[in-house]
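In what comes next, chain A is part of two complexes: it sits with chain B in the first one and with chain C in the second one.
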Partner chain A sequence: MTNRHLIKMVNNIGKFLISVLVLSVLVFTLSRLAPGDPLYAYYGERVEKMSVEEQDQARERLGLQAPLFTQYVRWLQRAVHGDFGISYQYKTDVKEVIAAGIVNTLLLGGLGFVLIFALALFLGLFCAWREDRLADRVVCRIGTVTSCIPEFWLSLLLLLIFSVWLDWLPSSGAYAAGGGGSLPDRAAHLVLPLSVVVLGHLWYYAFQVRNRLLEEVRADYVLLARMKGLSGRRVLYRHCLRGALPSYLSMMAIALPHILGGTYVVETVFSYPGIGKLAYESARYQDYNLLMVVSLLTGTLVILCNLTARLVNERIDPRMGVRSVSAGGEVRRL
Partner chain B sequence: MDVLTVKNLSVSFFRTEGEIEALKNVSFTLREGEILAVMGKTGCGKSVLCKSILKLLPDIAKIKTGHIYIRGEEITGYSEKQMQGLRGRFFSMVFQNPMTALNPCMSVGEQIGEMVRLRRPEFSGRERKKRVAELMELVGLDHAGERARQYPFQLSGGMAQRCVIAIALAAEPAVLFADEATTALDATVQAQILELLLKLRERTGMSIVLVTHNPGVAARTADRVALMRDGELYRIGDVEEIFDESTPN
Partner chain C sequence: MKKKFPVISLLTLTAIVILGLACSPMMTKDPLYMDLAHCNEAPGKEFLFGTDEMGRDIFSMIWYGGRISLTVGFLAALISTMLAVLVGSVSGCASARIDGVLMRLTELILSVPGLLLTVSLQAVFGRADVYSLSVVIGLTGWMGMAKVVRTEVVQLGNTDFVLAAKCLGGRFFHVLFRHLAPNLFPSVLFMAVMHVRNAIVAEAALSFMGLGLPVEVVSWGSMLSLAERALFSHAWWIIVIPGMFLTGTLLCLTNLGEYMRGSANKRHSNLG
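Then we have the complex of A and B:
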C-alpha cells in the first residue's frame, strides 16, 4: 500500500518536473523567435543613437549573441541555483520585480477566485433547484448579459459611476499614494477591480454548475434517491452535487490560472501593480528574463492545479482512480 | 383489507405536439401479502402505472381522473411533501437497471445506510451499521462489512440489484414495486433474484407489484396477473386462470 503511494508520488513529481522543463524550453525558444529587440527594453530610445558595434557589445554583455541552445543551457544552469537574471526594463533582479507584484495579484486574483468559486456554486445550485421557474430564468438572463460585457468596458463603467460621479471609491492603484496601505485603504482600492473580475467570470462557471447538476438530476439514481423519500432539495445536495463536484473542481482548478490571468486587463485599466501588468509588459518589450519567470510561474500553477484536481477527484469519485483497469484487472483499451 | 386500490386511473403526458394518453381508466386492487404481476409489451404503460401511484412522473404528466387508496385512505390529492412521507415508508421500488439506479459516487453501505437513517432516525450510528449488515446478509451479499465500502462500479449486475433490493427493504415497505427488476440480469441471476423476492415476501409479508414483460417470470412468481395493452388494463386474474387460457397477447 505505502509502496504504491510512493511510486505514485514519484511518478507525479517526475511528470511535473518534465512538464516544467518542456514549458521552459518552449517559452525560451518562442520568446526569442518573436520579432523585436530586447535592447529597447534595456536602453529605451537610446538604442537608435548607438552604433552597430555598441549594440553588438551590449548584446554580448547581456549574453544574447550566443547560439540559442547555449543561451538556454546557461539560463538553466543559473535558474537551478535560483538566479533568474535581471529584468532588462527594471534593471534589477527579476525576483524583486516579481515579488513586488505577486502579493497584489494574489490578493486580487486569489480573492476573486475564492468569490467566484463559492458564488458560482451557490448560484448554480439555486438555478438548478428552481429549474425553469421565474427565479432561474431571471438569474440566467442577468448572468448572460453581465458575462457578455467586456471587462474593460465594465471597468470603465464602474469607474465612471463609483469613482467619478459618486466619488465613493478610488480609481487606481493598490493603495493611496504615500500611504503604507492600511487594510481599509487596500480594501477600498480592491472593490472595483475585484467586482470586475468576479462579474466577468461568475456566470460562466455558475452556468456550468447549473447544467452539470441538471444532467445529474436526470440520471437514473435520482429516482431511487427520491424513492427513499428524500425531498428534491436534499436529493440535489446529497446526491447530485456529489456527481457534479468532480468536474466542477477540475474545471475550477484549471480556471485558477485563467482567472488570475483575467486580471491582466483589469490590472491595466485600474493601473493595479500586479503580475498581469508585468506579463503584458515583458512580452511586449522582449524583457526575456522577466517573461521566463512570469510564464514559468503561471505554467507551474496550471500544472499544479491540474494535479490537485486529479487527486481531489480520485477521492470524490473512486472510479477515476482506477485508470481504465476493470475489476478483473485486465486493461481496457479503446 | 386491500393494501392498494386504484380506481379508474387515467394519466396523460402533455407535450407540445399534444396529449398522449399513457393510462386509460386503469383499476385494480392489491391484496395484503400478494404478488401481482403486471404484464404487457414495452410501452404499454406498466412503468407509468407504478410511477403515477408514487407520483414520480415528470411534470408534463398529469393524473386526469381516478383515485388511489392505500388501506382505504385516499392519497390521490397528496402533496409532494405528503408523498415523501409515503415513499421509503409505505412504498418502495426496485428498478430495471441496478447499475444506473445506484449513485455511482456513494459506497453501497452509505446508500443503504441513508435509507435506514430515513426510516429509523432513532438508530445510533452503530445500530445503523448493524442494520445495514443485516440487510445485506438478508439479500445474500456476503462479507457485508467489506462489501459496504465498495462502490457500484465494483459490483456485478446481480450484486448491484441485491443492493437496490436491500435499500428497498430498509424502507420496510408495505408495497414493493419491482419495475422490470430482473430484465437487465442474465437468466441464472434472474432466477436467484426472483427466489429472493419470494423469500422476502414470506419473511416480511409485504405485497409486491412485479412489472415484467416476461410471462415465465410472472408464471413462476405471481399470485395474480394483470395484463396491459396500450395503456389499458384489460384483464386481471389468478395466475392459473390467466395462463391456462391462450391469451391474445
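Then we have the complex of A and C:
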C-alpha cells in the first residue's frame, strides 16, 4: 500500500467519523424537538396519576432535566464506552432490544435485497434483449403498475386475500406465539412481508438495469463485436453486461439502506418485530435512547453505503475518480 | 420510437380532479355525516361504495378525500421542487467550496431516517392539517432531486455550447436563462411530476400509520387508516376502494411523467 492510498484511507475514515458525529447531534436535537413526553414511554398511563414532584423526580432519574447540551455530552461519553442506556418502553438495555429486532429485519430486508437485485438483473436483461417487442412492453407495463401500488396498501390487500379470505398465511408477527419459531413457521410468517418488500422495489431497479443496458447496446463496440461474428446474445451477456456493471453495483450500494430502512411500513402493518417497527414506535413515543441507536444505525448504514458506492465506482472505472476531482477543482463551469 | 401521449391517463386524472373540485354540489351525502344505522354496510344502491365503520358514505368520501390528497401532493411537490432546483442549481454554479458544503449538508439530511425527520418536523408545526403536512412532506423530500439537478447543471456547464456562449461574451444570466434553464426544464418537469406522486404516497402512508391527517380530515390515506380494523370485519370495500383510486392516480401521474421525460433512446440498437 503506497503512501497516497494510506492518506486517502485515513481521509475517508475521518470524513466518515465526522459525518456520524454530526448525524448524532442532529438526531439528538431532532428527537427532543418533539413535544411528547418520554415519561409516557416509561410509565405509560400511570404518568397521569403521578404528582408534579414525582414526575420531576422521574425526569431527574432519567437525566432529562439537564440542559440539552449537557444531556448530549453525557450521552456521548457513555456511548463511546458502548453504553447506550435503557429503552424507556422495554426497560432493558437498548442493545438487547435492538439485537432482537435486527435479526428479523436482516432476514426480511436482506432476503428482500438479494431477491430484488437477482430478479432486477434478470428482468433488466430480458427486457433489454427483447427491446420494444411484445414481451418487453408487457413486462414494462406490469412493472409500472406494480411500482405504483403503495407498499402499505399492497400489504393490506395481501393480508385481506391470503390471511383473511383464504386463511393460508398468518397475518402478523415473525413466528407463532409460544412456538419456538421453527423454520416452516418463520417462513410462513415471512412470505407476505417479503413479497411486499420485493414487489415494492423490484421494478424501480429492474427498469434502471434495462435502461442502462439499452444505452450500452448502442455503443460502437457492440457493432464491432457483431461484425466480428459474435452472437447478439453473447455480446449482451459478455460485453454490455460488463459495461453496465459499475452502475449496477453502485445502485446496489445505494439501495441497501433504502431497502433495509424502508421496511418500517411493512413491519408496522404486519406487526413484524424488526428495527423498522422499533424506529416507528420509538419516534412516536419518544423513547429517546432507543431512537438514537436506531437512527444512528440506519444513518451510518446510509453513509457507509454511499462511501462504498463511490469507492466501487472509482475502483471499477478509474475515470470516475478523475471526474469527481475535476468537477470540484480545476475545470470550472460557468 | 416516439412515445405515445398518455391520453387515458390525462383524462382519468382530469376527471378525478374535476370531480374532486366539483363534489360539494353533486354529492347527495355529507362525507362527514355518521349514519350510525348503516355502519360497515357493503356497496349497494344507497351507498354506492358502502360505508365505513363510522357509517360515513365512502362514495362521497372518495371525492372529498381525493381533493385533499391531491392538494397535499401538489403543494408538497411544489415546495420540494423549488427547494431542490434552488439548492441544486446554486450548488452546481457556485464555487467548489460552497458546492462542497451544500452537498455535504444534503447528504447529511439524507442520512437522517426519514421517519424521524417527518415526525419531529410535524411536531414543530403542532397538529397536522393539510398545509402543515404538505410543508413537512415538501421539506423532507427535496434532497435526492437536488443532487440530480446539481449533476445536470454541472454537466451542462461543461458542454461546448455553454463554453461558446461564454466566449462570445454571454453574461451569467444570459447563459442561465437562454442555455441552462431550457435544457434543465424537461428533467425538472419529470421529477416534479414524480414528486407529486411521491408526496401523495407519503401523505397516504403517514395518515395510514396515524402520523399524518387525523381520521376526521378525509383523505385517501386517512380513509385507509381504518383498514386494519376493516380486515377483521371482512369489510373489503373500506380497504380496496380508496386504494384503487390512490393507485390509479399514481399510475396516471407516472405515465404522464414518463411521457414528459421524452424518449431517451433515439438511436437504433446495435445488437439486432
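In this text, the second predicted complex is superposed on the first by the 317 of 334 C-alpha atoms of A that agree within 3 Å, B and C clash if a C-alpha of one lies under 4 Å from a C-alpha of the other, contacts with A are read in each partner's own complex, and residues count from 1 in each chain.
Keep in mind that, in the parts below, contacts are C-beta pairs under 8 Å (C-beta built on N, C-alpha and C of every residue); 3 or more make two chains touch, one makes a residue touch a chain.
What you see is a predicted model, and the numbers here were worked out from it, not measured in a lab.
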A:V217 contacts which: chain B (first), chain C (second), both, neither?
-> second
In the overlay, answer first, second, both or neither for which of chain B and chain C A:Y264 touches.
-> second
Which of chain B and chain C A:C148 touches, first, second, both or neither = second
Chain B versus chain C as contact partner of A:L190, first or second or both or neither | neither
First (chain B), second (chain C), both or neither touched by A:R226 = both
Counting only touches as set out at the top, which of chain B and chain C does A:H239 meet: first, second, both, neither?
-> first
Counting residues of chain A in contact, which comes out ahead: chain B or chain C?
-> C
Looking at chain A, which of its residues have contacts with both chain B and chain C?
-> 219-220, 223, 226, 232, 327
Residues of chain A defined as touching chain B within the complex | 219-221, 223-232, 238-239, 242-243, 316-319, 322, 327
Could you please specify the touching residues of chain C with respect to chain A in the complex?
-> 1, 92-93, 96, 99-100, 107-108, 110-117, 119-120, 123-124, 153-154, 156-158, 162, 166, 172, 175, 197, 201, 204-205, 208-211, 224, 227-228, 231-232, 234, 236, 239-240, 243, 246-247, 250-251, 254-255, 258, 264-265, 267-272
Residues of chain B touching chain A in the complex = 54, 56, 80-81, 84-89, 91-93, 95, 97, 100-106, 114-115, 118, 151, 153-154, 164, 167-168, 171
Counting only contacts in the complex, chain A reaches chain C at residues 19, 22-23, 26-27, 30-31, 33-36, 131-132, 144-145, 147-153, 156-157, 159-160, 164, 171, 211, 214-215, 217-220, 222-223, 226, 232, 235-236, 240, 261, 264-265, 268-269, 279-280, 283-284, 291, 294-295, 298-299, 302-303, 306, 327-329, 331, 333-334
